[in-house]
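Two complexes follow with chain A in common, the first pairing it with chain B and the second with chain C.
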Partner chain A sequence: MSARDEVLGRYELVVGVEVHAQLNTATKLFCGCRLEFAAPPNSRTCPVCLGHPGVLPALNRAAFEKALRLAVAFGCRLEPATELDRKNYYYPDLPKNYQISQMYHNLGEGGELVLLRSGRTVRMHNVHLEEDAGKLSHAEGGRASTVDLNRAGTPLAEIVTMPDFRSVDEVDDYMDTLTELLRTLDVCRCQMQEGNLRFEASVSVRPRGQEALGARTEIKNLNSYSAVRKGITYEHARQVALLEAGKTPRQETRLWDDEGATDYEQGVPEALRVPRRDVWALLPPDWGDTGWTRFMRSKEQAHDYRYFPEPDLPAFEVSPARVDEIRRALPELPGPRRLRYAGLGVPQKTAEDLTRDVPLATYFERVMALGVPAPDAANYVMNQVGAALNARGLSAADCPVPAEHVADLHAMIVGKALPKDQLLKEVWPKTVEEGLAPSAVAAKYGLQALDDALVVAATDEAWAANPKSVEDLLAGKDKAKRALVGAVMRAFKASKAKPDPAAINARLDALLADERRRRLL
Partner chain B sequence: MTAPGELCWTGAAALADRVRRREVSALAVTEAHLARAAAVEPQVKAFLRVTADAARAEAQAIDARLARGEDPGPLCGVPVAVKDNLCTRGVETTAGSRILQGYVPPYDATVVERLRQAGAVTLGKANLDEFAMGSSTENSAFGPTTNPWDPSRVPGGSSGGSAAAVAAGEAPLALGSDTGGSIRQPAALCGCVGFKPTYGAVSRFGLIAFASSLDQVGPFARDCADAALLMDVLWGPDPRDMTARDPRDARVAGPLADLWAAPRPFSTAAAGASLEGVTLGVVKEYLELTTDAEVKGAVLAALDRARAAGASVREVSLGLTEFAIPTYQLVSTAEASSNLARYDGVHYGHRTKERVDVVGLYERSRAEGFGPEVRRRIFLGTFVLSSGFYDAYYLKGLRARRRIRDDFLRALDGVDALVGPTSPFPAFELGARAHDPLAMYAVDVFTVSTNMAGLPGLSLPCGFTSGPRPLPIGLQLTGRPWSDPRLLAIGRALEQALAGAGGAGGARRPEGLP
Partner chain C sequence: MSAPLDPRTPEGVAHIARLSRLALAPEELSAMAAHLGKILDAVSVLERLDTQGVPAGLHDEALSEDALRADAVAPSLPVDEALRNAPARGVGGFEVPAVLAE
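Now for the complex of A and B:
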């Protein structure tokens, strides 16, 4: 055990995660502006999302339903009526200088999520609905800042866990699990680089065996999966370094900075900082020179958000009947779906790949529904269909090949309508290109299977006509077999029907066995 | 042929009829009111902006529609003054505040849209206390409006400009907003009719918010029939305001939903108005708190007339009256502190000329843009919502508010409307209360509870003070939630019963105006 592991091992890492997931609705939460990534600045705005005098919010029911679906999927406790609250703070990207959010009556309280990799259960704290702010940019070296309000008013589900994570790997497992869940429920696009899925972690450490939690640090600006892992890793090391130096971490907010790292933290008192080398000694050996969390504000400097119930919106009823309806309509969640696929004989890795891509899984289900056994269906979907999609850069939702064509392909393979090789290499590409069923492709091009007797006769002929190759084959030179197959294939050059190389091989094997037996006698 | 001046004292319903029958053109009606405004505005100062050219164009469009045989709507050619906290597309809207000076809304408030669809002509934007915070219109950043009956006195507020415009014959109708009495009290002080609908009866979309859970838009007119005519245009749900409800739905208005089912529920109810079988509850505490003998006398005399016309009158008690003003202050300032946060100099409105960082920009722009009363209420509201004080103040305020509502619903049990003075005293002198906030807040003692309980409230003229410059006295009627058409009908019947006494504002015109 390294010195680093030994020191870190004396403490327990405790992490809670807060996620802001942009809901993938067509329009904003309180107005009719369309949601589009990378539209020209301020082109997707109206008096409501610009916070003009006199405007009022009108709730987007689709966003409410999506957030509700999420809360139901977590198994949250739902109040019969949910209310929105105002969170008051001043910032130029927040046109009203308050954010409509939830504080006193969250959409959902509690609930849980089973992690896909470890199978552990994470308890949820709450799920609530709120609006996003705009984007403020500070021009490089410029005196002016600019604000783009296209994002202002985008619906967000905020998903808060209990402090249930004890390692970075568990958080990683959670990020994957949650991403799959959000995709399966069709509530979020989950493109972290577009900012529609944003993570914040609250991190504390405590000596092993101690029950009381240490003071927690909230880490913001975790804008990629790797930033989440690194931010928590760094914070773990920093807090342990503080404790090892006899100092006590305090509750504060810090920013992850991929490129930063200096010897001294500005604005942080001596009692709360340790030399850089002490932190680096506890980081993984491949950490590099940069990447740290930067002090942003202490608990005392935290905003007083002056939450109060949003008077411009009524309470929204969440009737038990509606909740039941949503629960019944929930799609199969990733965990159970993986297990089901594996149970049907789909290899573990393929089952994971399929659940990760919801449209592809849906496609797979359609192929199965047409009577194709699960392992075969998975194989065609991952290979033949996957290749066609990749070549065109399409999602399975826009797949140009109907599932019926895959089922047709399977029927032809099983029925030996044509050699498998020919079906996959010659017929399938035409199926994709021409939009015809494989059987229609075969008919169009006059492709048909040869009578086995013809193949046998032609193989026997080639065997007799190529004694040199036969000798080589008997001497164990496998290459000779290819020459013989080639000779048979050539015999059918003028024919539209092609022999199945497998059938030729089978006949050759039989001839070879006969010949050996004969010579032994 | 009526003299142009007489058009200014003709009621809205009569004007609309005559324009519709093409006895007089909408343009002539508009010109008469513009001329009246030009004559009296130097003294009354009811308008922040008279949009004469736009008004003429609107009037001509109405005339053109009539010429094509179309019906422009129930307010056909009727000029209307619009309180300047209601957004008007393309017309500067300031809410009486320097911080919104030069702000031109890109959209019309729903009520303004409904006015236009009903064939009304908007004359201009009426003065108000800054952000509707005040009871005298003295808090306007652009100078006070004066009372048409006595230029040394206030018109009341915050909708003082709207009330004064109607009382001075500059417009037969006006829109106001009422958060704690801002329609009813100026109506009382100027001698006209002012109606605050049940919370949720009229859309607030485009009303610059003061206190969202209390604000309602409502009409000013010179009699209850005209107020009913305008209410028929204003009420109704609005997809842009989720707090605006549809009272035709029994889940909203209960058994009173039937009242709203008629095509024009207010005019229909007002047309059949009678006091026969109506029970009025006179509020004991309101009479006790009315120290002005003439105000008290006028209200009691009106009750005698009501009895003579068939009403029965009984005494009721509102035991929580003393808590009305403090509760109102907690709730309204808390909401205001948040509603007014958007005026920060970043996106629109006044921005400081000083070179400062972003926090400095907020501080300087707001300090320069807001007047002292608005700043006072923002401070108070911010404090009320602060962590550590929220439970003790805001939550307690909400609890008190529910108790006050219960108190009213109990008092209204078996009674069609509560009756009392609208204001404890008639119009006071300019400056008399301007420097004493508590004295100014006390003006609203009889009106704020109506908003906290979400009830409909009506003020109508019931007499005048004596003396060389008689001042109007207003009587307030308060009804059950969603009883609005019936309440205005009771007001209509009462005003008819009072007409013989020569007490109603419409029958008597302010003297001393040009």
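Now for the complex of A and C:
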């Protein structure tokens, strides 16, 4: 065990995660402005999302439903009515000078999520609805920043866990599990590069065996999965380094800075900082020089948001009947789906790949519904269909090949209508290109299976005509077998019907066994 | 946040003024504290009401989901119109003094 592992091992890491997930609605939370990433700056705004005086917000039904669906999927406790609250603060990207959020009546409280990799259960704290702010951009060295309000008013589900994570790997498992859940529920597109998911982590450490939690740091600005992992790893090291130096971490907010290089612990009092090298000694060896959390504010400097119930919006009923309806309409969730696929004989890894891609899983289900056994269906979908989709950069939702064609392919393989190899390599590409069923492709090009007797005869001929290859084969040189198969294939060069290499191989095996027996006698 | 400051005191008023981005001169603070105190006294009459059995919450009756806005796109403003009241314009946006932190 390295010195680093030994020191870190004396403490337990405790992490809670907050996720802001942009809901994939067509319009904003309180107005009809279209949600569109990369639209020209300020081209998706109106008096409501610009915060003009005298306007009234009108809550988006789809956003409300999606957030409810998420809360139901977590098994949250739901109040009979939901209200929104005002969170007051001044910032240039917040045109109203308040954000409509939820403070006093979260949409959902409690609930849990079973992690897909480890099977561990993470307790949720709450799920609530709020609006996103605009986007500020600042040119390096410039004296002004520019505000784009296209994002202002985008519906967000804020998803908050309990401090249930004990390692970076567990957080990783959670991010993957949550991403898959959000996609399955069709509530968020989860495109990190478009800012659909943004994370915050609260991190503390405590000596192993100690019950009481240490003072926690909130890390903001975690905009990628890797930033989350690195931010927590850094904070773990920094807090342990403090404790090892006999100092006590305090409650504060920090910013993850991927490139931070020059302002190490600027503005942090001596009692709350350790030399840089002490922190680096506890970071992974390949950490590099940059990447750390930057002090932003202490607990004492925390904002006073003066929350109060939003007077411009009524309360909305969440009736038990409605919750039941949502619960019954929930799609099958990723965990149970993986188990079901595995139970049908689909290899574990394939079951995971299918579950991760909702449209592909839907396609797979259609192929199975046409009577193709699950392992075969999974195989065609991952390979033949997957290759066709990849080549065209398409999602399975837009698959040009109907599931019926996959079922037809399977029927031809099982019925030995043509050699399997020929079906996959020759017939299937034409199926994809020409939009015809495999059987129609075979008919169009006059492809038909050879009579077994012809294949046997041709194989016997090749055997007789290539004594050198036969001797090599008897001597255990497998290469010779390929030469013999090639000779048989060549015999059918002019024929439209191609022999099945499997049939040739079977005949060769029989001839080989006969020859061996003969020589023993 | 430590314990909330009493808005009837000059310190409390100074805190609220800072949160509201209002510049009040020191002599205004005491006057404002007195004004605020009167307003709060008037409103505090409500505290004497018997609210036993009245459910907490802002609204008497919750609206059903049908009352919500359908997720249908409505036209946005042209960019020029959206930026008409901007104190200053940058490239395609509202220009504000440089913001570096957060």
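Some observations on this one:
Keep in mind that, in the parts below, the second predicted complex is superposed on the first by the 510 of 521 C-alpha atoms of A that agree within 3 Å, B and C clash if a C-alpha of one lies under 4 Å from a C-alpha of the other, contacts with A are read in each partner's own complex, and residues count from 1 in each chain.
We adopt the following convention: contacts are C-beta pairs under 8 Å (C-beta built on N, C-alpha and C of every residue); 3 or more make two chains touch, one makes a residue touch a chain.
Predicted, not measured: the structure shown is a model, and the values here were computed from it.
Look at A:Cys33: by the touch rule set out above, it reaches chain C but stays clear of chain B. In the superposition on chain A, A:Arg86 contacts chain B only, with no contact to chain C. Shared-chain residue A:Arg166: touches no atom of chain B or chain C.
Once the two complexes are laid over each other on the shared chain, residue contacts for A:Arg306 go to chain B and to chain C alike. By the touch criterion defined above, A:Leu50 lies against chain B and chain C together after alignment on the C-alpha atoms of chain A.
Applying the stated contact rule after C-alpha superposition, one finds that A:Lys96 touches chain B and leaves chain C untouched. With both structures placed on the common chain, the touch criterion links A:Ala144 to chain C but leaves chain B unconnected. In the superposition on chain A, A:Arg482 makes contact with neither chain B nor chain C. One of chain B and chain C touches more residues of chain A, and that partner is C. Residues 47, 50, 58-59, 88, 90, 92, 145, 147, 304, 306, 311, 314 of chain A are contacted both by chain B in one complex and by chain C in the other. Considering their complex, residues 25-27, 31-34, 40-47, 50, 58-65, 80-83, 88, 90-92, 105, 136-138, 142-149, 220, 255, 296, 300, 302, 304, 306, 309-311, 314-317, 319, 322 of chain A touch chain C. Interface residues of chain B facing chain A in the complex, by the touch rule stated above, are 85-87, 93, 95, 100, 103, 105-107, 109, 204-209, 211-213, 239-243, 334-335, 337-338, 341-344, 346-348, 358-359, 362, 382, 385-387, 390, 394.
Within the complex formed with chain B, the residues of chain A that make contact are 47, 50-59, 86, 88, 90, 92, 95-98, 145, 147, 304, 306-308, 311-314. Remark: chain C residues 1-2, 15, 19, 21, 57-59, 61-65, 67-79, 82-83, 88, 90-102 touch chain A in the complex.
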